[in-house]
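Just below is one structure, and these are the notes that go with it.
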Amino acid sequence: MIFKRIKSAGIAHNSYFIGSGTDAAVIDPRRDCQVYVDIAREHGLRVRYILETHRNEDYTIGSIELNHLTGARVHHGPGLDWKYGETLRDGQEITIGNLRLTAILTPGHTDESLSYILTDLSTGEHPVMVFTGDALFVGETGRTDLYGPEEATRLASTLYNSIFKKLLPLGDGVIICPAHGGGSVCGKRIAARDESTIGIEKEQNPALRLTKREEFVRYKLSERLERPHYFRRMEKYNLEGPPRLGRLPDPTPLTPAEFLKEIDRGAIIVDTSGEAAFAGIHVKGSYSIWLEGLPAFAGWVLPYDHPILLVLEDPSHLDPAVRSLIRAGYDDITGYLRGGIERWYNAGLPLESLPLLSVHQLKNMLDRGERLLLLDVRDQDEWEAGHITGAMHIYVGHLEQRLAEVPRDIPLAAYCGSGRRSGLAASILLRAGYAKVYNVAGSITAWKAAGFPLTRD
Amino acid sequence: MIFKRIKSAGIAHNSYFIGSGTDAAVIDPRRDCQVYVDIAREHGLRVRYILETHRNEDYTIGSIELNHLTGARVHHGPGLDWKYGETLRDGQEITIGNLRLTAILTPGHTDESLSYILTDLSTGEHPVMVFTGDALFVGETGRTDLYGPEEATRLASTLYNSIFKKLLPLGDGVIICPAHGGGSVCGKRIAARDESTIGIEKEQNPALRLTKREEFVRYKLSERLERPHYFRRMEKYNLEGPPRLGRLPDPTPLTPAEFLKEIDRGAIIVDTSGEAAFAGIHVKGSYSIWLEGLPAFAGWVLPYDHPILLVLEDPSHLDPAVRSLIRAGYDDITGYLRGGIERWYNAGLPLESLPLLSVHQLKNMLDRGERLLLLDVRDQDEWEAGHITGAMHIYVGHLEQRLAEVPRDIPLAAYCGSGRRSGLAASILLRAGYAKVYNVAGSITAWKAAGFPLTRD
Amino acid sequence: MIFKRIKSAGIAHNSYFIGSGTDAAVIDPRRDCQVYVDIAREHGLRVRYILETHRNEDYTIGSIELNHLTGARVHHGPGLDWKYGETLRDGQEITIGNLRLTAILTPGHTDESLSYILTDLSTGEHPVMVFTGDALFVGETGRTDLYGPEEATRLASTLYNSIFKKLLPLGDGVIICPAHGGGSVCGKRIAARDESTIGIEKEQNPALRLTKREEFVRYKLSERLERPHYFRRMEKYNLEGPPRLGRLPDPTPLTPAEFLKEIDRGAIIVDTSGEAAFAGIHVKGSYSIWLEGLPAFAGWVLPYDHPILLVLEDPSHLDPAVRSLIRAGYDDITGYLRGGIERWYNAGLPLESLPLLSVHQLKNMLDRGERLLLLDVRDQDEWEAGHITGAMHIYVGHLEQRLAEVPRDIPLAAYCGSGRRSGLAASILLRAGYAKVYNVAGSITAWKAAGFPLTRD
Amino acid sequence: MIFKRIKSAGIAHNSYFIGSGTDAAVIDPRRDCQVYVDIAREHGLRVRYILETHRNEDYTIGSIELNHLTGARVHHGPGLDWKYGETLRDGQEITIGNLRLTAILTPGHTDESLSYILTDLSTGEHPVMVFTGDALFVGETGRTDLYGPEEATRLASTLYNSIFKKLLPLGDGVIICPAHGGGSVCGKRIAARDESTIGIEKEQNPALRLTKREEFVRYKLSERLERPHYFRRMEKYNLEGPPRLGRLPDPTPLTPAEFLKEIDRGAIIVDTSGEAAFAGIHVKGSYSIWLEGLPAFAGWVLPYDHPILLVLEDPSHLDPAVRSLIRAGYDDITGYLRGGIERWYNAGLPLESLPLLSVHQLKNMLDRGERLLLLDVRDQDEWEAGHITGAMHIYVGHLEQRLAEVPRDIPLAAYCGSGRRSGLAASILLRAGYAKVYNVAGSITAWKAAGFPLTRD
């Protein structure tokens, strides 16, 4: 048995390649799917099945792309008006060499959610693994808020059934293979470890200790997760089938003059540098989204109807940046600034800085009573767990829509957990013409490390 | 948590890299151990601990090598007169970032055998994994015959304790990480799958269903496993610490004339080509050990006090051939025939063929009553499960010592399961001056596929 | 200036990547052209121009493929009815950053042949390099026989002009960059070295010492080069534009049973193993074309209207085999035998061997007067330079068409220079039902090395 | 013939690998010399000779290192008291397969300088290439100032002989292979192109047009080249043989706390980030040396008797940073800040910024008459070619020794050609406790692009 977990950083997405004999299946493939073809080639296998656990909302599924490359059949769960692939019914079996994959309905995160039980017939009939999609994660359960508050109770109760009546009874020894790892927005506290079993989860997963339905539902309803703007686009894509890429976009290296021309034509600039470099100097008008943040945060701020221009800290970042964008459905990536920001300032073109404040500087300013509005751009739970006294709170993903609430006549210092999301927030403010904006380096992490106090409302 | 299983082909050896925070541990490193340094580098980790499960007998442990590269501390089990490293006691704990590794004594395969329980403190106190060394494999248990028949009962009973009293009680959900996968000589029927748990093994592992001590011991005593000659050398090496390599041997590319000179000086020729190529033509006097068979079969036939010369089917095979040899303690690899066998015959030098018989040809010869002695070189269990009528049986590993039993005045056709071990056997016969030797292509596999009958004594 | 020579093995084809500033040009791209895109990506360059030196006949030009990937403009020489690209006139200039490329007409090999002079304007106006296509090679000049004997004198005289009036006057210091290196069929004695200049060629190139037109023409007319059957297909392809590949064919791994089914449907088997392995055992009915020989010899024997099946000695040979075939226009590669010949004979399927004779064995047979017909399959010049007494001569490329001349009632031993082409020849004989066929290992090379005599007619 | 040019970035060093038959030679190997072993392995060659052109002063020669890996013999020129290797005499020949390498004395850059003429005996006796070391570059000649002003005339006259009497007479068609390409400090205006010939140089190399000895000597004496502090160390190393590395240093990933501890022990911090990131935020007390500048500028400022700590913009920069440092003889690289600057500020540790000024901001400040001292840190020729009015001039390499000349009571803005060297200069000022320091982004390049005026004294 060939078993590979393919991780896509940023959205912490897991897909899986399973092979036996001459055949293989891929579970929840990503859109840049040459990786599965390469594994198949390495082992002399044919990808025969593409198995989706559910209509994903946080990335563009690669099923159609992979089907074009391999001819494999695409399968997903029942009840949606899919424009491609074939629907599986509860209990339906698929055979890959010595392996049997059994689809079971495990709704709750979404109504059509499937899990796949893997049995290795060469060793017996006992289940070995279960691919749980977004139903059960390591240390967490799938979010049940995506259909809106009016459906949340029903979904939570449904998920309770799926987990307690269908997944846990598979047996403690069964290895779980979820669609996401730590860092995903599809679950609040997914563990950083990938390896787990039903037995371990029963012991350690906080939600699985709530064995009574009402407790479980109450717990799920109390969860607060952000829902990025681009989820709607992904849901539509994954229902109808996203456009075929063929191959990855190959953005053009642009001179500063050409880059300027594209800006004039309406292209949006994304600077994927780290906070330090963006702070030092950047092209005026850029969004600051650090490279690893691109998969999760592009979808909050970037429109789908404008071409994208990239400013990269290192040329090697082009490939991951492109992959991150197309996974979120941004296929129109016009070009990147050849030679990076250095070429831009060598050409004497318009620049901007974003001063970083150390937490010591910030503390001094606050202690001295300097005029400064603190903007906390973390999510609701983080805010409530403790913030700097006097700060205003708007989640980074909502900032652009709520700029009317942010005063323009006072210097602003944005902070988050580490300085990354606040870098994006600060870049939104700069784009909107705010004159004096700071980013707090290290933000709450550094603030706490320095021993400074937090407040709760 | 960073978790990597590093597989070494041929001996089906598993080592493991575990990282968390800034630190890492390696369990049972192999001797060509740059791979661990590379993983550590990739993740910005320091290898702090090298943890051995037992004094291995089938390969040279890489602990000293890895210690030189990283400064990590070497640990192993108690009761042996180790010349390096530090001994752990039962229950001793080691911390790697958020992870706790607890050594537990699990003797039976050997007396000093340890397992290591991994707990991920970031998610709780429940064990997540256990590194079982050669105590418990997927689908199999460790062999208990290595101290000789007089100790076998004691070891089997000890192993019973280790498995049933110490490992299984860890809980069904615990993932097992053994030191070997399918294909190893350290267990008879290790499964081809790497992923398993205590729970799955309890259901599916044949030996684990023998829950009564006497049954279990009887079962273990009935096992018959071959014990290659080189095991003794490995045991000594791993107790005293093998010589440091520094870097992998870099065998010299040799012209046919230089190759000849080295043969004259006593070097042993190993041809790692597949059966077809060795059959077609080879350097007279070569051992035929196919590339993937090198780790397991070199130790049966190659002496440690002669330099080794390689004939390779493809230049890319040099690296895996060298790694296989040094893992078995063969460090004196003088050179390889540059340009392969073609250069040899272009130079008009002494050649030899090893005619392959198809099973159809063989059947015809037997049916016609042609003079031919069949030599079955498989192991005892395979032989007893069914062989071709009239064959003589000598296991390939013992052939060189038992040549006196093999008549010289009759054509010989060697067979095994597939034609590989019989290729080695045939090459041993040719080296010994047997005049007319065949290898049966596909051997018993093909014989059965053709529908021909087998016999049992 | 970025300068890269991209060599395609087997046909010894050179293409060139030239970059400066933000732009790049590719000269004579091959069809598997991702390599140029990768170089451009690495250096942040845009491929702006694709420059052909002439309508190639020995491989499929990659211009249309590369145009699709990059949008670069395709240019070639005047006078042909091209179905794609734009024609350049003598003296036309193209600018790439600091570089100037000047097209000059250098007919003779073909009528539309262009060379491109490269000047590095950052250092001066003196030519630095000239891309000579098939006009001038290192140690050789382009063949002038491709339009048939009636045109050969005209072409030779035209080539004389191109070389002596246009290329040599560029100056001794100019570096030459031809379209082929040693081993190509486009020139008889191209040197094994890639680096040369006009000055070195004037001193050392045998043809360039024939400074009188008549001598030069006489010399060219005396050349005898083989012209593979597939040249016509390539000429048509390169005039009209070959079909777009999009991506490389991904042949299916086939089980023996599936492989058999494809054979029954008319697929042609190509075994790319070395001579030794093919000799040992092979699938009945295979053509034997060693991996490195595929680009040059596939086109002699493989039809374009049958799918191709591959038997590979090593799985890593799949990629080079596929590239070799599509470069020669063979795009319909159905699959390959998964696991190689071993799976075939393990399945008990029809096998065949091709006994190799050492030259010593051959000499003994001849000396003893055994019944044996020697078949020399080398080219005319090789044959005339000396062959084994009593041999029959048919060039390997013509053998299939001239089988009527080869007697069927006598054992045959094929030989060539090394045993490779004779392996192909022997496989043709086996396919045609010849009963007793040998291949002479090392052939004339080994024969000479053994000190045995040759004869001339 | 195998010919490879191995370029080492930053010092623009060229080494060469030459192979033929079974043997190879390496000319002027660098210290991280696994690259040559890998090429040899790829082609099945043995490195037999290591040929030095001269005692280099700008990097540590890798001869001893490569000798340990391969056993190859080391050769260099006569007249120095070498502690390793063997001396060659003028005209001495070395044979590598079909190739002949002839050493010829070409002093001038240094007294013991050798060139090596390559002849390809398979094509004739005419020289094909010449490895010119630091005697003749593409577009430039070797510097003759290294023995001090009193020897400069003699060396220039000697170099005239070497070039005009020994190298040029080899013939226009001979390809030149110098030890440096564009960007080296061993010549002022070495061209960006690597490919050239004697003929091209005669036409285009400015110094080679000065065919009269006096003119040539006058021209050489007028050259002004900086001589980094570390040259002396390299000269000693290369005469005596540098310490063996064995393998590349493997710096430890350090937490901020561990990093701090090493600083306290006296380690020197080198931040290899780009200007933007260093400007944004950095560890207080760091030298700013951008990654590509490390090979050339480390030797100006870093002491040899302190361990080095690295701050990297991207983890992938560790390998090139380490290589750059060991090439300059800095072997004591203690560690690097794991996770980069972000970990530092997350820990709330002391930070510093280096504000960048755009040229527009600078112009405004100057126009408004703000208090500001401009510091031009370019070399003498750049300064004289035009600078910003009112600037003070100290070459970056001398700044640390000349700090007494730089006033402390006025804001300072450093500039160079692009903002990189001025970034280093600014970091030197910050380390020295200067309170208000700016770096001018884009510096003179941007200043000119913006159309602002320069002055000459």
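In this document, chain identifiers A, B, C and D correspond to the written order of the chains, with residue numbering beginning at 1 in each.
Simple rule for what comes next: contacts are C-beta pairs under 8 Å (C-beta built on N, C-alpha and C of every residue); 3 or more make two chains touch, one makes a residue touch a chain.
The structure displayed is predicted, hence computed values, not measured ones.
Visitor: Return the chain pair with more inter-chain C-beta contacts, choosing between B-C and A-B.
Guide: Of the two interfaces, B-C and A-B, more C-beta pairs touch across B-C.
Visitor: What's the chain with its C-alpha centre farthest out from subunit B?
Guide: D
Visitor: Between subunit B and subunit D, what is the separation of their C-alpha centroids in Å?
Guide: Distance between chain centres: 50 Å.
Visitor: Distance-wise, how many Å sit between the C-alpha centres of subunit A and subunit B, to the nearest whole number?
Guide: That pair's centroid distance is 43 Å.
Visitor: Two-or-more-chain contact residues of subunit A, please, as numbers and ranges.
Guide: none
Visitor: Can you tell me which positions in subunit C touch subunit A when the two form their complex?
Guide: Against subunit A, the touching part of subunit C is residues 22, 37, 41, 44-46, 69, 246-247, 250, 252-253, 255, 315, 318, 338-339.
Visitor: Enumerate the contact residues on subunit A facing subunit B in the complex.
Guide: Its residues touching subunit B are 1, 3, 120, 122-124, 126, 128-129, 138-139, 171-175, 191-204.
Visitor: Subunit B touches which residues of subunit C in the complex?
Guide: The contact residues of subunit C facing subunit B are 273-282, 313-314, 316, 340-342, 345-348, 351, 353, 355-356, 358-360, 418-419, 441-442, 445-447, 449-451.
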